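What follows is a set of structures for review.
What follows is a pair of complexes built around chain A, which joins chain B in one and chain C in the other.
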Partner chain A sequence: MTPKMDRRRLLSTAVLGGAGLVGATALGSLAPEAAFAAEAQPVEPGAPDPNFAEGRISKISAGTLLATGSDGVLHSIRVTDGTSIWKLYPTTFDQVAVGDGMYARGVRLPDGTLAADSIWVNIVNLHAHIAAVGRNTLHLDHKGQRIVAHVVPGLSAAVYNSTPAVSDLSLLKVGRHVQVLGAWHPDTNEISIATVYAAA
Partner chain B sequence: MVGMIAALQAPLVGIVLIWAARFKLFSRHAEASARRSALTRLVGENRALPAYRLLGGAELLIGAALILPPVLRLEGVAATTLTVGFLGYLIYAKRAAPDASCGCLSAATAPVAGRSIARSALLVPASLLAAWSATGWWTELTARPVAGAGLLMAELALVVMLSPELDHRWLLPLRQLWVNVTHPLRGGSGVPLLRSVQQLQQSRVFRRVGNLISSDVREHWDEDEWRMICYSARYQGRPATAVFAVPLRAYEPDSVRVALVDDRAGATLVTL
Partner chain C sequence: MAALVGEMSWFCCGNAWGPCGSTGRGACGTCNSGNYQHAWPNASAACFTITRPDSCGVNMTRRGCGFRHYTTNLCNGSRIGTTIADCGPQTDLFCGERSCCGSACGSNRIIDLTPAAYSVIASLSSGLRPCSVDTV
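Let's turn to the complex of A and B:
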C-alpha cells in the first residue's frame, strides 16, 4: 500500500472509528475571556494586508515560490506540508508552474517571506453575462471582453439561487448574469469553471 | 421558365421595398433609427431624418408600382437604381461607420455586416430581372401557381435569413430550442466538492473547530457513503490535520464528523 493510502486509511479510521471521543472542553476554555486573550493582528488601517500576496509566479525552487505582484512588488512564498494548493481543484505543489497567477494567504515571517497556509493558483472571480452556449463551453461577455469558459465534467459546479451546489449546469441561459469562479489558462482569454453562481 | 423567374422578382423587390418604407415612414422609432444610421455621416446630422423619410417615400412608391399593374420597364429601372444605391450605401457605411446601424428594415440595432450586404446584393440582380421582364407577375403566378409560389417563398425566406434585424424572430428561438434539445451544458454527474464543503460549513462540528483550521481544502476522497475532506489545523500549538467525514449523498449537516489527527505521530487528538 502506498504511503498516501496509508495516510488516508489512518485519517478515515480516526474520523469514522469513533474511538476516544473527547468533550468540548478539549478545544479550550468556553469562557469569553479566551477570545480576548488572542493576539490582535497588527494591521494599520488602509495598509496592505501583510498576510496576503498575489502575483505571477516567476520562479519555483525547493518549496519556495517567487511571484511578481501586480504592483511590481516581489513576493517570496514558502510552501509547507500544511499548505493547501488549489488549481481548479485541491492539488499538490508539483502542479504549480512558472507563469501561473496566484493568490496566497499565510503568516509573514520576520525575513519577509510569506509562510503560506493556502495558495490559489490562477483563480479568477468574474461577473459576466452569458453571450453564447456551446458543447461544454460558455462564452462570457465580461465588460465587453469575450471570455471562453470551459465546463469540466465532474468538477464544475453550479449554484442556483444560493441552493446547494449541483453538477448540472444546463439551467444556465444565454443573456443571464452569472458569477464565475474558475481557473485561468495563463495568457489566454480562457478559463475552466469551478463554480457558476446564477439565478434560475 | 426564365420568364416566370424574371416576372416573379418584381413582387419580391416590391415587398422588401414596402417593408423598408413602412418602417421608415410610420414607425415611432424611425427618428432614433435615422440618427443612429450611417446617413448622419453622409448628409449631416440635421438632414438625416428628412433624407430618411424621403427615401422611405421613394421606396413605397417604387415598391407599390412594382407590385401593382401595369408592367412598365421604368419601374424595374428605378428599382435597380435604388438597390444599387443601397448596396453602395451599405459598403460605404461599413467602411465609414462600422458601428452604425444600417437602419434599413427595423429599429433593431445591427451594425452593417456581411449579411446585410449580401441581402442588398441579392436585390440588385432581382431588380434587374424585374426590369427585363415584360409580363406581369400575376399572369405567371396563375399559369404555374405551385412553382411560382414556391420560388417566391424561397426567395423571401432567403431575404429573412439575410436580415440580422429579424434574428430575434426565428434564429434565437431556434437556437434556444436546439439548446433545450441537446443540453450542451449538462456537465458531469456526481456530487461536486463544493456541495460537500457547503454542507460541512453548515455543520455543528465546523462551528466548533472552524477557528482551528488554517488552510483551504487540502485533499478529499470518497469512502462508501462518506466524503473525507482534509484541512490543515493547529491544535494546542501543534500542527494537525482536520479530517471531516461528510455524508456523500444525503444533506445532513448534523451528521458531519471531525477528527484532528497529528500526522507525524499518527495520534488522534480530538474527535467530535
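Let's turn to the complex of A and C:
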C-alpha cells in the first residue's frame, strides 16, 4: 500500500530538501480552503496557533520572509512554489515588500521556520461606517479612526445584502455600516478595496 | 443545543499592525489575532444590547468569556474550536444578510473568528462564509 503523503510531510520535504513545489501537486489544489479542510489542528480552543504568524516584514531574502510579530516575536517564513500569496488579489512572491503587514499559515518546521501554505499581505477586514464618499474613495469611520478606502477600477466589488458581487459601488451611502475587505497601504491610514459588504 | 446556522467573518485583536492597531484586546481583555478565539454577540447583557441578534430573529444563548464554541465552514465542512474573547459581530446591522456556497446557506452574522482561527477553515480573503456553530 502506498503511504499517504500529507501536507505537513510534503511541505517539510520541499523546504528541507530545498526543492520547489509545483503549483498543482499530487494533493490537488493548494488553495487554502481546499488545503485546510482536511487538516486536523491539535491546538486547544483559546490557545495560540504555532502554525500561524502575523507581523511586519522586515527582510526578504532567498524565498524567506523575516517578520516581526506585533508582540515582538520574530518569525522566519519560508515561501515555496506552492505557497498562495494574496495582496489585494492572488499574486506572486516578488510583489511582497519590506514594511508590509502579513498573516501566514503553514507548517512549523523543527527549526522554527514556518513553511507557508498561504500568506495574506496587508489584508484588513474592517467594520466601519461610511463618513464621506469621494471620487473613487470612501472615507470610513473605524473605531474612531478615519480610513481612506480607495476603489480600484476593475477590481473592487460590492456585495449589497447577499446579492452577487458587482463593480458598481455607487449605492454605498454616507452613514451606512459596511464590512470592507482590502489591503492596507503600509504606514498610512489608507487601504485599497477588494470587497465591500453592505447591509440593505 | 442544536447547531446555530448563520454567517461567519473574521476580526483582528490584540497587538496588531495597520488599522487593527486600534482594536485592543476585546471585551474579555484576552483577545489575540494569533489565538483560537472568537467574538460572540451574546457574550453579556451589555453586549447583547449592542448586537441585538434578536432583532433579526436569531435566538442566541448567552455565553461568557472563555466559553467554547465549534464553528463549521459550510463551504467545505472544516471545523474549529475557539473560545469567546470579545463581543460581536453586530448582527443587527446586517439583518437578513445571506451567504451561500451552492445550496449551503447561512443568514445573519453570528460569529467573528480571529485570523488564526478563521484561516484554519477558510481563506482570510473570503471575508464572509456560511457556517454552523455548536457547543460540542
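One rule holds for everything that comes next: the second predicted complex is superposed on the first by the 157 of 200 C-alpha atoms of A that agree within 3 Å, B and C clash if a C-alpha of one lies under 4 Å from a C-alpha of the other, contacts with A are read in each partner's own complex, and residues count from 1 in each chain.
Note that a contact is a pair of C-beta atoms (placed from the backbone, for glycine too) under 8 Å apart; a residue touches a chain by one contact, two chains touch by 3 or more.
Computed from a predicted model, the values in this text were never measured in an experiment.
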Touched partner set for A:A165, first chain B, second chain C, both or neither: first
First (chain B), second (chain C), both or neither touched by A:W86: both
Touched partner set for A:T195, first chain B, second chain C, both or neither: both
Partner chain(s) touched by A:V124 [first = chain B, second = chain C, both, neither]: second
First (chain B), second (chain C), both or neither touched by A:R135: first
Touched partner set for A:T64, first chain B, second chain C, both or neither: neither
Partner chain in contact with A:G154 - chain B first, chain C second, else both or neither: first
First (chain B), second (chain C), both or neither touched by A:Q95: neither
Common interface residues of chain A - those touching chain B in one complex and chain C in the other: 86, 118, 120, 159, 194-195
Chain A-facing residues of chain C, complex: 9-12, 14-23, 32-37, 66, 68, 73, 75-78, 80-83, 85, 89-90, 93-99, 115-117, 119-128
Chain C partner contacts - residues on chain A that touch it in the complex: 31-34, 36-39, 41, 43-49, 52-56, 69-71, 86, 101, 103, 105, 118, 120, 122-127, 142-145, 147, 159, 161-162, 177, 179, 181, 184, 186, 189, 191, 194-195, 197, 199-200
Chain B - residues contacting chain A, complex: 175-176, 179, 183-195, 198-199, 208-209, 212, 214-221, 223, 226, 228, 230-232, 239, 241, 243-245, 251, 257-259, 261, 263, 266, 268-272
Touching residues (chain side chain A, partner chain B) in the complex: 7-8, 10-12, 14-22, 24, 26-27, 81-86, 89-90, 117-118, 120, 133-138, 151-159, 164-170, 172, 174, 194-195
